[in-house]
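Structures incoming, each one as structure tokens.
Two complexes follow with chain A in common, the first pairing it with chain B and the second with chain C.
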Partner chain A sequence: MQPTNVVREAVMAPSLAAKTSRIGLVVGVIGMVLAVLLGMLEGDHMRHFYWAYLVAFSFMFTLTLGGLFFVLIQHVTGARWSVSVRRMGEFAMNTVPLLAVMALPLLYPLFTHAGVEEFGGLLWPWIHPHGEHAALVEFKSPFLNVGFFLARSTFYLLAWWIVTRFFLKKSVQQDQDQSEAHTVTMRKLSAPSIILFALTISFASFDWIMSTDPTWFSTIFGVYIFGGAFLAINALLVISAYYLRTRNVMTEQITTEHYHDLGKFMTAFTVFWAYIAFSQFMLIWYANIPEETVWFQHRVTEAWSPWSYGLVFTNFVIPFFGFLSRWTKRNPKVLMFWAAYTLVVHWVDIYWLIMPNMDAETVPFSLVEITTALGAFGFFVWAYSRQATKHSLLAYGDPNLERCLGHVNY
Partner chain B sequence: MKSTVRLYTSFAFGSLRIITSGNRYYWGWMLVLLTFIGFGAAAYISQLQDGLITTSMRDQVSWGFYIGNFTFLVGVAEAAVTLVIPAYFYNWRPIKEIVAYGILLAVAAIICCTLFVMVDIGRPERFWHLLPGFGGRLNLPSSLLAWDVIALNGYVLLNFGIVTYLLFTMFRKAEPNNRLFMFMVWFSIPAAIAIHMVTAFLYSGLIARPYWNTAILAPRFIASAFCAGPAILLVALQLLRRFTSFHIRREAIWKIAELMAYFMGINLFLLSAEIFQEYYGGKDHVVHLHYMFSGVDGHTAIVPWMWTAVICSVLAFGMFLSRRLRENPYTLNIGCALIFLGVYLEKSMGMVIPGMTPDPLGEIFEYVPSWNEIIISIGILAIGAMLFTLMVKIANQILHGQFNVDQKPMV
Partner chain C sequence: MSNSEKLHGVLGEFESVDQILAAAEMVKNSGYTKWDCYTPLPVHGLDAAMGVKETRLPWVVLIAGITGGALGLLMQYWMNGIDYKMIISGKPMNSLPASIPVVFETTVLFASIAAFLSMWIFNGLPKWFNPLARMERFARATDDRFFVALSAKDPNFDVKTSSALLESCGASAVEFVEEPDEPAAVPTSIKATMATVAMLALIPLALIMSERGAIKKQPRLHLVPDMDFQEKFRAQSVSGLFADGRAARPQIAGTFALEDDALVGKDPGFYTGKVDGEYLTEAPIAYSDAILARGEERYGISCAPCHGGDANGKGPVHNRAVELGSPMWIQPTDLHSEHLTIQPIGQLFESISVGVRNMPGYAKTVSAKDRWAIAHYLQSIQSTVDTGPVDPNADPGIAAGKLVYMSKACMACHTTDGSPLLAPSFKGLFGSERELEGGTTITADEAYIKDSLLNPTAKLAKGFQPLMPPAVLTDQEFADLITFLKSLAD
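Let's look at the complex of A and B:
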């Protein structure tokens, strides 16, 4: 790293941020309204809508939590290269309040099952155990019951809100006073925050996603979700950086070197995701125990097998070779393409995790999924970009800014 | 051709000269190791004569102390990666200066692994069954054991290749062929992950032993390996610094300690995920966890060891979380000892024995290693320590330019 002399000043783009957030809000509202209408038209007591909504919600949850981890890992390691892109990670993690609001519609499936008794409820079948696995699900009722589920969910959201607020507030304060003490405080608190992050993302994944099939369990599920989340946030940061730079914002602060490093993260986490996915699959396939294989059995039915086998290529083989070259990582336009691709296939991955639990025989993919995904992503973009109307896009008070700007990959 | 032969001869004789000379500490250390090796060899002869009945392994618990040590040492071998990545990926000089020692540790550890497998299978000629083309079969691709054999042997050859190439090039005072060298270095990273992954899958695939049937086993192996392996390395490096002219920068030690802290946290997190899922799954195999931590039907031999392992790991993590404590040589070494003990107990005993107790028929055979097993294991570990010492002694002189093509070794 070569320190350079830079002017420490805020990088504001309020009109661009306001415009982007307005677009996000419009897409979010239109998407969600359409999704609700389409869900009502299906005549299945909104079952399909809620499952698609859970997919969209989980996608958003991974972006927010990915942002939190990105910020924490930069602090805990004392990373210097990432100062110029860290604020965007802070904006992403600070969408927890939106996540909490987006969680509210999910309360409905917790308390109603009229018309969908045969499925055990609208969304999570453990709410009204039925059928041959009822006894096993009943056994889990001390953990999987509405009261405790709500308490845990509230705890996750509250914990994330406190942590994300703290780190954003400190970072913004540092813009004002440029005190190095904030860096020291954030570094000290990032380690315990990572422990809290690891526990909460795992349990939130178990609760919100894995328990859509309450008979199945995987020790590695939380790690799998984490891998996807971190991959997704890096993709989002690349897209954001490209979006800003092509509009003449942050052109000096975000360099090819930063693209390169974000690209390296994406390469590494593409492999990490594949490693975790393979660990999960290989063991279950090899051991061939009915209680575990049934989960994959639902994913290799005639309807779902193209998705399952396709994931190997779409989420590993293709992006791995896509990201591998140094040229790709240093070419903003090309990297931007792969980042957008990564976000799309990350959504596909979450869809594949959740939807076969709703219906293993058919792939219920329709406009409901597209509109819920667009709606949730639109809201996310709104909450993410509107923060740039108030705060600088650059953490210009960070003492490592010079080193970040002078950072060179060898 | 003649000059090449002369070069190799001078390298071999020079190396021989280095390892056959040393101060009284060196010879004292060698004597201690030779004594352990002697006792180990005598115990092994007794095992060869009387069979595996000299061990405590029985039908119910067919893997014991040997396989436990094997599993632990696979982790130690993997520790080299924690140095290779910062050294060659991030080109970080303080670690680059010591990376060769990490690779040598990996070589010594894998040789010990092979020896543990050899004593575990009883009669050594049973290796014959693995040799394709000589009446044996490797049973590829269906046998995970075969994959493990390939991964482990490939890893030891690769690491031996890397370190000998590096040292021999330095001995010749030549520049290494960067393309070849970096290819080997890069390839050693997935190879290191592979040895642990395949070993973990070897356990996971045994469906009659549901305790191991967990997808998190392979990442847990890797996380614990990245704690225990560097712990040994840190202590060894400090000993080297104390007793030889070897120089190691404090930054290198601190960086390794920092990396260990991350992996200690991950290791504990994965362990807690495992415990949660055992209870969440609501299956009968939670009994193995009960056996580990509270005992089953009065069988509690392993319980104190397991709690010791957990307490050591938690304490070490707590210590390493504090930058001040992990940068203080005393607390650093205490932390290293704690994490070593924690992971050793967890991997050598806590990993293997609870997986076999109770057995698939529900029988409980409380396994406690026999003295013969313990002595053989100490003998094998002494062989590893001796190999490491000898290799380090040669490497040290080459790395410090005291032994090369123009200069005879300092003795």
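Let's look at the complex of A and C:
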């Protein structure tokens, strides 16, 4: 039933938001400081730390970009159901400045000569081509060189910053003037933005993540990262919704129906992730061309194979059956559990993408990983929830708000 | 209202969403089970008000999906692992990754078909006729009115109380619905159309059947001709390009496969199977379980298509050639053959490397180490052959002659059991009168046989092609062969 008289007013929870963001900041600072200290103890020129940091950074990057895609897809499809959760997606995407700041420490491995003798460099191996494949990596240097890499990275961040700013600003403006014109503008601009999104997320994944093994290439890699990113943002939104509602915020605006739809997205994208992961694997496995298989070869070593085979279950089989039932999706507590689970295994997935390139023979998992992950996530929570101190949690100027609140799944 | 026996039910009309929701709630609470609501728009909350139970459809779909996936897996397991064993791309016969796409498709196929069909069944479709549709008032169910219809079949149904119930729910009108006196006949035009469509639907099927069954002089339709007719030479086919006519090129004397080229000088035994012209009797790679497993696997990839998974010479390529009736096809050797059991391992290695008679060499595709592994594997399966009891009184020349027959590949064309293959059988050959092409006859004595070997096509046996290659035997070999042929003479 359509609620006949929807009250269009801001949903503000400034003290809750401030408290949450403070917790995020504390966790972030403590996590990162600990991580740096632990990293220094290892006596490897912080190599382990930088790899773990890249994992944490990539995890954050998928959350931010997941948020961007979530917002764009609502506009491009003219979705009505999602109006009440869209603002949180907008907060999530509006963390590009943090992402840019978090990227700064990664400049060190790009420029330093530390660790070149022992490991051929601290992070991306193409900075100092070495070992038996040096010639191959050298061959790619027109693309993979420090200058161009920095230029591209700057471009991605700048592009995301402009797009995310724009969509947040418009949406907030609409809160004030409640004009439908904003919706039309956003719908029009969301289509080209999605194209920009697709290209930049692909190339950023190639540059930041895939190039940790510069001899290897997979054109579907960006899609793989995208699948994980969208899964992660839906999980984050469910967790946020649950967090708010248990604290008596947004209880009217977010209903079982919204949980249900976010849950459907997670179900679908669990399958999507598996579909893409398998597509990437199968072609490489079938063609069996050494320069492609090597990547999987490094992941079925004695050390990594439990992790690799485990991924099939932890990231597909288990959550798929977990999410499948309608009951799960309409039961906030249960859905909240699966959302948290999804975020954790998404991190596990990213770890698996990156770390075997540092060392295929051992799983270096230690406190460094945990502290960097917590640190980065803490910072993200800080930047994410801080925005709720200034803006309404509900895009209450959206003309589709009524439709959203009266939305029902059959 | 007339005869209540023909009553279908009672229909109540309502004017708003709120009214129909309230009415549905009341009807449900009055214990009715056979009734339904009709609305011009989806009314949120109506299902709950009516007390409609959650559908069981998801369970049907889940079970169908799992069944589809399992069947898809089983199908491929049976096809690739049991019915038509063929190693493709060096993958194991039953490899899960290769099966996944099909499993995915069959899962989706079964699940969606099950969803579609069960939806029909659960909804009682197809339903050709509903008496409600004859009510004039009911037309507004697609426009601006909401209806509740109680069926006369409901145990709670009663002409008076049921209509009163609807009225008390606030119905703006209540009407009784009657069953038609006799079912209306389907109009002839519809019958005719359906019959025509059914007939037309048979045409494609009939065409396919006739195309499949017919023998045609003209080729069938080829949509992708260069895929249907690839430029290639089949096993043992003839090429006009080379003087010897062989399409499968034997290795050019004095050459080695690329990998071996640089190394052969360093370790001739390892790369040729021979040292100073003598075959090695010991393999340079020691026998081990791992080597044997490797040999078995490589055999499966490179040799089994011709020699068969059981190494009995009847692999899929052979079966196909027989099926097609290829006139000149030479059966791949049964690798359990006696003559191979006494070959030094170096000779087996050489046969694999450079080929033997009609078989091409495999040095270019199988590494030397793997070729030794295959040779080990061949010896290991040979040791499982029971050659039967040896008759101590038999002339040793017979056994020696049989070896000549096998190792010089006479057996590829000549049998010893009387059945002609590509050539006359050796059974009863010696001493018999032979009919030649052109009408003459000749006795098959030693001289004739010697002549047949050196100059096979000069005197053609009647009814056979000039296929036989000349064979050069030593005197000893010839003598043994004659002893063997004599033993088959009776």
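We take it that the second predicted complex is superposed on the first by the 403 of 410 C-alpha atoms of A that agree within 3 Å, B and C clash if a C-alpha of one lies under 4 Å from a C-alpha of the other, contacts with A are read in each partner's own complex, and residues count from 1 in each chain.
Everything below uses one rule, namely that a contact is a pair of C-beta atoms (placed from the backbone, for glycine too) under 8 Å apart; a residue touches a chain by one contact, two chains touch by 3 or more.
Keep in mind that what you see is a predicted model, and the values were worked out from it rather than measured.
Engineer: In the superposed model on chain A, is it clash or fit for chain B and chain C?
Structural biologist: With chain A aligned, chain B runs into chain C, so clash.
Engineer: Can you tell me whether chain B or chain C touches more residues on chain A?
Structural biologist: B
Engineer: A:T342 contacts which: chain B (first), chain C (second), both, neither?
Structural biologist: neither
Engineer: Given the touch rule stated above, what does A:Q387 touch, chain B (first), chain C (second), both, or neither?
Structural biologist: A:Q387: touches no partner chain.
Engineer: Given the touch rule stated above, what does A:T270 touch, chain B (first), chain C (second), both, or neither?
Structural biologist: It touches nothing on chain B or chain C.
Engineer: A:R326 in the overlay: touching chain B, chain C, both, or neither? Say first, second, both or neither.
Structural biologist: After superposing on A, A:R326 lies in contact with chain C but is clear of chain B.
Engineer: Tell me the contact category for A:V408 with respect to chain B and chain C: first, second, both or neither.
Structural biologist: In the superposition, A:V408 touches chain C alone.
Engineer: What is the contact status of A:T183 with respect to chain B (first) and chain C (second): first, second, both, or neither?
Structural biologist: Neither chain B nor chain C is touched by A:T183.
Engineer: After superposing the two complexes, find the one stretch in chain B that runs into chain C, choosing from 25-33, 79-87 or 187-195.
Structural biologist: 187-195
Engineer: Residues of chain A that sit at the chain B interface in one complex and at the chain C interface in the other, please.
Structural biologist: 282, 286, 288, 410
Engineer: Quick one: in the complex, what on chain A touches chain C?
Structural biologist: Its residues touching chain C are 1, 278, 281-282, 285-286, 288, 324-326, 406, 408, 410.
Engineer: Can you name the residues of chain B that touch chain A in the complex?
Structural biologist: Within the complex, chain B touches chain A at residues 91, 144, 193, 197, 201, 204-207, 210, 213-219, 262, 265-266, 269-270, 272-274, 276-277, 280-283, 321.
Engineer: Can you list the residues on chain A that touch chain B in the complex?
Structural biologist: Result: residues 76, 136, 139-140, 143, 191, 194-195, 198-199, 202, 206, 217-220, 222-223, 275-276, 279-280, 282-284, 286-289, 291-292, 410 of chain A touch chain B.
Engineer: List the residues on chain C that touch chain A in their complex, please.
Structural biologist: Contacts found on chain C: 17, 42-45, 47, 58, 62, 89-91, 97-98, 100-101.
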